[in-house]
Every structure is written in C-alpha cells, then in structure tokens.
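In the two complexes below, subunit A is the common chain; its partner is subunit B in one and subunit C in the other.
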Partner chain A sequence: MDVVVWSRIQFAVTAAYHWLFVPLTLGLALVMAIMETLYVVKKDEFWKKTAQFWIKLFAINFAVGIATGIILEFEFGTNWSNYSWFVGDMFGAPLAIEGILAFFMEATFFAVMFFGWDKVSKKFHLASTWLTGIGATISAYWILVANGWMQNPVGTTFNPDTVRSEMASAAAFWEVVTNPVAVSKFCHSVTSGWVTGGIFVVGVSAWYLLKGRQKTFAVRSMLIGGIVGLVGSALVMLSGDSSGVHAAEFQPMKLAAAEGLEDGGKGVAFTIVPGVKVPHVLSFLATHDWNGYVPGINDILNGYTDNKGNVVPSVADKMQMGRKAIDALAQYRELRLTNPEAAAEARAVLEENVQYMGYGHLEKVEDVIPPVGIVFWAFRFMIGLGMLVALVLLLATWFSWKEKIEPKRWLLWAAIVCIPLTYIAGQCGWIVAEVGRQPWTIQGLLPVNVAISSLSAGAVKTTFFIFLAVFALFLAIEIRILIGAIRKGPEVEPEKL
Partner chain B sequence: MEKKTNIFVRIWIFYRDAFKNMTWGRPLVWLIILKLFILFAILRVFFFTPAMSGLSEDEKIEVVGENLTKPHNTDTLND
Partner chain C sequence: MTYTLLQNYWWCLIALLGGLLVFLMFVQGANLHLGNRSLSDLQKRMILNSTGRKWELTFTTLVTFGGAFFASFPLFYSTSFGGAYWVWILLLISFVFQAVSYEFQNKKENLLGVKTFRVALMANGLLAPFLVGTAVGTFFTGSDFTVNKVAIADPSAPVISSWGNAWHGLEALGQFHAVLLGLAVMMLTAILGALYILNNVDDKEISAQMHRSIKMLTLPFLCFFLLWLTILLLKEGYAVSPDDNIYMEPFKYLHNLLQMPAVLIMLIVGVVLVLYSLYLGIFTPSRKGIWFAGPGTVLVVMAVFFLAGFNNTAYYPSYTDLQSSLTLSNSSSSYFTLKVMSIVSLLIPFVLAYIAYAWHSMDRKRISKEEIAETPDKY
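For the complex of A and B:
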C-alpha cells in the first residue's frame, strides 16, 4: 500500500476513534442537564443523585475522549501538508473559534459542573451543566463547518499567488458558516449523538433492572434517556432527509455509490437490499419529487442534464478543463513577474476552468468513483441499525412510562445490545460521508493524491501503529473505569468526587 | 464585616480544594495528564513534525505550487 492509502487509513481510524467519544458527550450532556433541571424545579434529591451518577459517566467519557481530535490536526500538518496549506485561510477562522470560544466554554463550565456541587448556587450549577453541553454542541458546529466546506466548497476563491482557497469578505465567511451541507451535517451529527446518549442511558438502566438493582433510579433514567433518544431518532431522520437532498445536489456520485446506482433516470427506485426495491422512492428522497431525475454512476461519467436544466459535463470534459486550469496556473506562476500581460491571460484561463482544477489531477475517468460496495453497505447498516435502535427506544420509553418494563427481559437485553449497535450505525454514517466523497479531500478541487505530503509509507505506518497501540490502551482503560463505575452504581448519599 | 476575597483567589481556592478532595476523579486527571504528555511531548515532537516546518511563507507557496502544477498524463483521456 502506498503513502496515500496509509495516510487515509490513519486518518480514518483517528476520526473513527474520536467519534467514539463525541456522540456520547453530546447526548449524555442533554440527559444529565434534563435530570438536573428536574432536581432544581422539583427540589427532589432523587434527581440530584441521578444526575450526579450520569455526570460521573459523562466525566469518564470526557476525560478519555479529550484531545483525541488533536491527532487529526497533527496528521493534517504531517501527512496532508498540501491540503493544509490549500485550506489554511478557510479553516483558520472556524477552527480558531472552535478552540477559543467553544472548547474553553465547555472546559470552564465542565469544571464548575464537576467540582461545584454545594460550592456554587443550585441555579449556577444547573446553568453550568447546560452550558457544558451547549459548549460541546457549538464546538461540533465549527468542526462541521470545516467538514461541510470540504464537501461543498462555497464562499472561497482560489488565489494563484498564494495557491490556497481564500475568503474574500465577511459575506464569504457568512456563506461558509451557513453552508447548507454544514448545517444539515451538524443537525444530523448532533441528533445522532442524542440517540447515542439516550440508548446508553436506556441500556445501562436495563442492566440494573436485569440485576434487580436501583429499580426506581433505572426506570426513571430509562424514561428520560428513552425520550431524548426518541426525539434524537426523529430529528436524525429529518436531517438525514436534507443530507440526501444535498448529496444529490452537490455530491451526486456519493449518492449514486450509496445506492449502487449504475444508470439513473426519472422515478428511480430505492434499493433496500440488492433485489428488493421500492419504486420512485430514491427520486423522492433525492429531489422531493417522485419523478425527479437522479443520475447514476454512468450518467455522471458521461455527462447529464440535472433537474434544474443545467448541463453537467462528462468527467472526461471536466478533466480536460482541469488540465487547462493546471497548465494556466503553471504559466501564471512562471510569467507573473516577467510578463504581466501573458500572466493576466493565463490567470483568465485559470479562473474560467478553476472549478474543475481537481479533475486535472486524475489519471482516468473512473478515478471519480468511490468504493461502491463499502458505501452501499455502510449506508444500509446505518439506516437498518438506526431504525432498530429507534424501535427499541420507543418500546423502552413506552414500557418504562407505564412502569411495566421490568418483566420484559428480552427488551432489557435488546437495549443493552443496542448500545454497540448505535456506535456501529454512527461509524457507518461517517463511512458513507467520507468514503463516499473519494477521491476528493475538497470536492472537485483537490484529490487525495495531490493533498498528500512528500512522505514515505514507512513513516506513516510507524505513527499509525504507535497511535493504534497507545489509544487502544486508553480505550481499554476507559471501558474498564466506565464498567467499574456502572457496577458500583449511583450512591445513596451524595458522593464526593 | 468579612472582606470579600478577590475573584481570582476564589477561583484558585475552588480548583485547589476540588483537586485536593478528589476520590474517583483522581485517576481520570492522571489519565488526562498522561495522554496530553504522550500527545504533545512524544507524538507531536518526534513523530508528527509538520512536513513544511521551517519553511518561510514564500517557500511553502513554492512547494505547494509545484505540487499543484505537476505534469499530468494526457494519454488516458484519448483512450
């Protein structure tokens, strides 16, 4: 395997590892804030002890998850230096805001929430608990603004003098911040975190009921967790719908790969599994029109006319235009100091073709097709597992509301099994999003083979295995501490930290 | 009347007492410190050196510009 493949594997494993901690942080933050609100509103010590227990599990997850995203930034600089330079101007603002505002807000209020019981007023403590979750959520927004821009690079122009994508104005920054892909990705990711937090609480509570321990605590926790998870599931479906529309509009190849759709058309069926199709549903999901046109892989390769009547060139034509852009960039760079007139002409050619510049780096037209099998099955696992988890959440919420959950041992076991299944669904979602946009690091502008640094595959392999060993150890420690805390259970008396 | 302590002193005392009185949270703090040490003092220093560290802005532009304008294989488009 070459350096590009090793670097991609390393980045994928690091991002997947980071995503083990983020969804539980986002979801559990909401659950514990609701529980503490019940304590403050109802003045019932039971809810204080319940909130304290879930905050304890939140803290363990937070402690092990903290800074796992930093490794991704290390990898940008080391493995993806051309990419880092190319996006530097655009990424700088959102990542700085994420680091300074959101992370410090999250960290500050986390300390008050963690240490502040009986040291600050009830209301200030409650505000800190909510602000910890809000800080984490705002943090996720800025990260997804950066990710959304890679999927749909709006608001920037390529500057041939600095060879990077730059934001020219405050309006451009606003365009980046309100990028529809970033907004729907944020909603989809955060609400999937609510599902993770909800099912985690439901599953852990189910374990107590199976053991015949802390029954009141478990049933009430299950109800709150179930409601949060259910609301999350409904919003995941809604935001997933807008993600599908955006994929059809901005990344049609990703959608075609996720569907395994070779030849598109109007009124296209949705494939549940190979051989089982539902007529017209893919057209509706992609365009909100039962007879809308959805291009297949071959249509995208050969060129097509989209639903708005725009003619989309074939990949071969895009490659020709991309190569014109690259040649013009080379000429501009060579002539800009010695022959300004010729440089201006080259720059005009570059600007005319720059939207396809990335295609100029491809070797053959088929390079634009992502690994279809991986994307197709990841998409189905994500939806299938998500629906199974939603069903279990619905049943657990209903039976805990009726206080008839305890005898339903099959449902309690199902809730426990759904904890890892929810994580698998979340990881599959990211596989669809990120493998589905291959070969692009930035859609249409920069493919992975150009984004990479001049490194040896051996160097990347070394850091990959070091990372794997160290972080597998941390994960094992977390799971051990987490299981220890769950086994111990909530304290009768408010415990010391 | 008792004199109100400075806000920074109160924050310092808040954190000092919190860490001093920790029970189950203590191993988590050590875990965070160990992880940050591994991240910043080992991985970042020895294994994740930025590929263009030490280059000036102009040199970085030159390197990336070269990579973005590498000659491409035009034969494949004629197949």
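For the complex of A and C:
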C-alpha cells in the first residue's frame, strides 16, 4: 500500500480513537454539573458524593481524550503537509481559536474541579465544574467549524500567487463560523455526546441495581442520566435531519452512498435495508419535499440538474476543467515574473476553471465514489442503534422516575448492553461523515492523494503501528481502571463489599 | 493595519507562547526529580501531585503553540512537521505518555506498574525540552528541505515541501549548535522544576534536595547556554534582502541584536532574572526563585525568537536551498486570517487572568505530607 493509504488509515484510526473519549467527556460533564448544582442548591451531601463519583470516572476518561487530541493536531502537519499549506489559512484559525478560547478553560477548571473540593468555595467549585464542560463544548464547536469547512468550504478563494485557499475577506470568517454544516455537525456531535454520557450513567447505575448496591444513588443517578440522554436523543434526531438536508445540498455523493442510491430521480424511496423501501421518504428527508429530486451515484457521474435548476456537469467534464485549471496554474507560475501579459491570460483560464481544480487531481471518474457498502451500513447501524438506545433511555427514565426500575432486570441488562452499542453508533456516525466524503480532504478542492506529506510509506506504516499499539494499551488500561473504580463504588451509602 | 504589522504581531505571539511553553515545562523538569534516590516514595508522590495540578496548562500551551503556528505561519507547519517527521513524532509520543501517566500511575489496574509511568514522565522530562530546544536551535543552523509551490500541479510528486534526507529531522542531532540549545533548555527546565517545587511543596528534605539539584545543574546549564549564545553571535546567519533574496550574512545574529536594542534589553533582563533566581536557589534558603526565573525564561525565549525572525532574517532557513527558506512574509497566513485572529487574540489577557486567579486559589495552601493525606482526589 502506498503512503496515501497509510496516511489515511493512520488518521482514520486516530480520529476514531479520539472519538471514543470525547462523547463521554461532553455528556458526563453535563450530568455531573447538574448533580453538583443540586448539591449546592439543596445543600445535600448525597449529591456532593454522587457528583464526586462521576467526576472521578470523568477524570479517567478525560486524560486519554486529551492525549489523543494532540495527536490529531500534529498529524495535520506531519502527515498532511500539502493540506496544511493549502488550507492552513482557513483551517488553522479555528484550531488556534479553539486553543485560546476552549483548551485553557478546560485545563484550568478541570484542575480546580478535580483537586479543589476543599481549596475553593462551593460556588467557585460549581462554576469550575460547569466551565470544564462548557470549555469542552466550545472546543467541540471550533473543531467542528474546522471540520464543517472541510465538508463545505465557504468563504475562500484560491490565490495562485501563494498557491492556496485563502480567506476571501474578514467578513468571510463569519461565513466560516456560521457555516450551516458546522452548526448542525456541532449540534449533532455534542448532543450525541449527551446520549453517550446519559447511557453511561444509566448503564453503570443499572449494574449497581443488579448487584443490589447503592440503590438510592443508582436510581437518582439513573434519572438524571436518563433525562440528559433522552434530551440528547431528541436533539440528535433533529440535528441529524438537518445534516441530511446539508449532505443533499453540499455533498450529494455522500448522501447517495449512504443510501446506496445508484440512480436518483424525483420522489425517491428511502431504503431501510436492501429490499425494504418507504416511498418518497428519501426525497422528503433530503429536500423536505416529497417529490424533491435526489441525484444517485450515476447521475452525479454523468451530470444532472438539481432542484434549483442548476446544471451540474459530469465528473468527466469537471476533471477536464480541473486539469485546465492546474495547467493554467503551472503556466501562470512560470510566466508571472517574466511575461505579465501571458501570465494574465493563464490566470484568466485558471479563474474560469478554478472551481473544479480539485477534480483535476483525480485519476479516473470513479475516484469520486466513496466506499458505498461501508457508508451504507454504517448509516443504518447509526440510526438503528441510536433509536434502540433512545427507547431504553425512555424506559429507564420512566421507571426510575416512578421508582419501579429495580425489579425490571431485563431493562437493567439492556441499559448495560446499550453502553457499547452507543459507542458503536457514534463510531458509525463518524464513518458516515468521514468515509462518505472520500476522496476529498476538502470537498471538491483537495483530494487525499495530493494532500499528503512527502514521506515513505514505510515511515507512516511504522508510526501507524506504534500508535495502534499505544491506543490498544491505553484503551485496555482505561477500561480496567474504569471498571475498578465502578466496582469500588461511590461510597454514598455504607456497604459491605 | 498593514500586512507586515500583522505578521510581526503574530510572530510576537508565537514568541510569547514559545516563552510560556519553555517556562511551563517546569512540569517536565520537576518530574525529572522523581528519579532522585534520596527522596522517599511519599515525597515523590508530593512532587507528582504538585506537577499533576499544572501539567494540563503546559500541555495546552503546547497545543496552542502548535495551533497558533499552524494558523499564522502554515508553511512552517507543513514544512517542518511534514519534514522533520521523526522529531515531532518523538515529541508527540513522549507527551502522549505523559498525559496519561498521572491518571494511570497509582491505579492498581494500570497493567504496567507504577514504575513504568514514572519512567514515562521522566522520559518526557528529558525528551520534551531537549527536542523543543533542538528544534528551535535549527532556526539558526538551517534544515535540509526545499519548498516548491508549483509542485502541486505535478501529479507524480505533488508535495510542496520536501525533506532532503531519510532521517526526517533526526539529522539535527548531528548539528552541534542546535543540540547545544536542546541541552541548555533541558537543563533550564530541570532548574525551573526544582525552583517550582521549592515554592509549591512544603517539605524540608525535598527543599534541601532541590537546592542541591539547582547547584548541580547550574554549571552545565550556563556552559551550554553561553556556548550556544557565543557561537550564535559569531556565526553567519540567513538574511533577507529587500527583494526577498536570501543570502548568508556574517555575524547576522550579532547585527540583529545590536540593530534591535529592545531585543538586546529583553535578553539582558531575562538573563539577569534567571541568574538572580539561580543565586537565590544556590546561596539562600529562599523559595521565591521561580518568580524571577519564570519571567526571565519568557523574556530570553522571546528574544531568541525575535533574533530568528525579525530584522530581515529567515527564521526557518534551508541550507539545501537558500531560497526555500521561510521568512515571516513568505510563510504567513493571509491578511484577513491574521486580522481576524488578531482580534480574537485580544482575549488572551482575559485567559491569562482567569488562569492566574484559579492557580492562585489552588495554591494558597502548599503541598505537604498532611495536605496529601487529607486530599481525597490525588494522583
């Protein structure tokens, strides 16, 4: 395999691994902040001990999240050198702002939250707990602004003098920050974190109930976890809907792949699983119109007319225009200092075709099709598991509210099983979002094969296996420590172990 | 605001973040003292918990330093990170292990035992400052790379920045001058660590050990640093002509120092502050040395960055192809990006203020044997 493939595998594994720790951070932060607020408002020691227990688990998870986040940041430079130059002007800014606005907040107040119980006032401590979660959420916003821009690169122009995509104006930054793809991605990712945090608390509490330990603690934790998870589930569905509309508008190939839709049209049916279809539903989900036009893979390859009446050229035509742009760029660079007139001509050709320059880097038409099978099934697992988890959350919340959860042993077991299922759903979500946009690092502008660093495949392969070993080791230790801390229990109620 | 002004402003911020990073690597330096055989396990645990409440700030500063460099001078990020691959990967792995070592170290389920994670912290304590120092050292010695922006139009070899050798950065370990700076930074952070422990941990034996360590580390630190500085001021440097041509100028960095009196003053004040902290650490029982060494370190590092980047100097030079060298103007982000980020950067004082406030609230009580025994959550 070549360096492009190894670089992709390495980045994919790092991102997926990082995404194992982030959702729990986002969700658990909310749960424990609510619990500590109850402690401060009700002045009940029970809630303090309860919050402290979940904060302990939060801390174990947090460290690995931080450790893997920095790897992603470094890998942009180490393995995606061309990418870093080509879009650093657009992509770097949200990353730097994330550092300044979010990371320091998280780091500073995490330390106060974890070590400060008897060092700072109750209210300062409560503020710190909230600020840790808010910092993590702000961080999610900025990194998803960066990611959203990769999916829908707004506010940028190509500058042939510097050979990169640049911020078109100071106002363009506002476009980047309010990019609809970024906004719905943020909502979808953060609220899916609430689901993860919620089901984690519900599942762990269920384990205590099954063991007959810490009953009050477990039922009350379960209620709060259940509510957070349920609210999260509802918002995940809402934001998932707008993600679908955005995919249809900005990344039709991703949608076609997620649906396995070879030939599109108007009033297209939604495929639940192969062979089971619901008429008109895909059109409605994609365009909010039962008869809206949704292009299939072949339509995108061959060209089509979209819902607004815009004619979208075939991929072959785009590739041809893209190559024209690339040739014109090379010409412009050669002539710009010696022959300004000819350079101006080359620049005009470049500007005419620049919109499709990314396509000029592709080798063949089929390169624009992502791995359909993976995206199709990941999409279905994400939705199916997400709905199952929402149902379990609903039942767990209801029965813990009524204080009738304890005898429902099947539900308690289901809640525990739902913890890994939620993680699988989250990972599937990333697969849909990231595998679904292949081959683009930046949609339409920069495919993976020209985004890389000038390294040997062997070098990247080596670091990949190093990272893989480190990740496996950390995951094993993290799970063992989490299980150990859960077994030990929250020390809320006296018990014989 | 002109483009040049914005580029210079961002170089100042990069220098500031670099200075803060080296100062905050007192965490790494302090962890080196976990290897001190005269200290008991409990005393080591006190040190561990002392740095354990600060390490995230160092880590965050590193991440922000990287992010800010990426955002303001992306050609450096793409050229250096993608080129000096192994240096950055090594640094990365040492920090990744450091990040989990606090949380994992004293848990019985950690699979590898206490010692492994303690060694990981000490390895990070040696490697991180050494690699960062050596990497900054190459700002003055140059590196083996070429930059060809039109390469992106060539499907067979589309990468703009390419490294000239398969060592991918490790060859810097053969550059005496760069390595000297790496060693100096390593010694400095070990001293900063000792000064920090003196101030933060309330234990007579530990304090005595720290005073001893400072005494032992001072001479090698001064030797490495002064030798590095002397060579720097005598060597030729990478200058930029008004028409953006890069050429070698004898005594370039000496000229920079003399032509920028503000930088000269920063360097002198910084060095004096560090020397004063060394005096306090060696000859007096005072525990306040860190208050002088900290700002001193920041000033010296900033001065070093200014020498590398200002006064028509190429801050990340290529000895393979002089014209590929990176300057503030040819490697920076666009005018609008720098402008937007500059506005955001106005929040930095606010960030520093809340960090200082939180830090102050947490450190009112120094770490002692009793404090460790009473604290419910500890590493």
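What we mean here is this: the second predicted complex is superposed on the first by the 490 of 497 C-alpha atoms of A that agree within 3 Å, B and C clash if a C-alpha of one lies under 4 Å from a C-alpha of the other, contacts with A are read in each partner's own complex, and residues count from 1 in each chain.
What we mean here is this: contacts are C-beta pairs under 8 Å (C-beta built on N, C-alpha and C of every residue); 3 or more make two chains touch, one makes a residue touch a chain.
None of these values were measured; they are calculated from a predicted model.
When both complexes are superposed on subunit A, subunit B and subunit C end up clashing with one another.
In the superposition on chain A, contact is made by A:90 with subunit C only, not with subunit B. Shared-chain residue A:162: touches subunit B and subunit C both. When the two structures are aligned on the shared chain, A:364 is found in touch with subunit B, with no touch to subunit C.
In the superposition on chain A, A:82 contacts both subunit B and subunit C.
Of the two partner chains placed around the shared chain by superposition, subunit B and subunit C are both touched by A:114.
Number of subunit A residues touched is higher for C, counting subunit B against subunit C. With both structures placed on the common chain, the touch criterion links A:474 to subunit B and to subunit C. With both structures placed on the common chain, the touch criterion links A:320 to subunit B but leaves subunit C unconnected.
In the superposition on chain A, the residues of subunit A contacted by subunit B and by subunit C overlap at 56, 59-60, 63-64, 66-67, 70-71, 74, 77-79, 81-82, 84-86, 111, 114-116, 119, 162-164, 326-327, 329-330, 333, 361, 450, 453-455, 463, 466, 470, 474, 477, 481.
Residues of subunit A that touch subunit B in their complex: 56, 59-60, 63-64, 66-67, 70-71, 74-75, 77-79, 81-82, 84-86, 111, 114-116, 119, 161-164, 316, 319-320, 323, 326-327, 329-330, 333, 360-361, 363-364, 450, 453-455, 462-463, 466-467, 470, 474, 477, 481, 485, 495-497.
Those residues of subunit A whose C-beta lies close enough to touch subunit C in the complex are 52, 56, 59-60, 62-64, 66-71, 73-74, 76-86, 88-93, 95-101, 103-112, 114-120, 124, 128, 159, 162-164, 166-170, 172-173, 326-327, 329-330, 333-334, 361, 449-450, 452-456, 459, 463, 466, 470, 473-474, 476-477, 480-481, 483-484. Contact residues on subunit C toward subunit A in their complex (touch as defined above): 53-54, 56-57, 59-60, 62-64, 66-68, 70-72, 74-75, 77-83, 85-86, 88-89, 92-93, 95-97, 99-100, 102-104, 107-112, 149-150, 152-155, 157-163, 166, 168, 333-334, 336-337, 339-341, 344-345, 347-348, 351, 354-355, 358-359, 361-362, 364-365, 374-378. Only residues 14-15, 18, 21-25, 27-29, 31-32, 35-36, 38-39, 43-44, 47-53, 60-61, 64-65, 67-70, 72-74, 76-77, 79 of subunit B touch subunit A when the two sit together in their complex.
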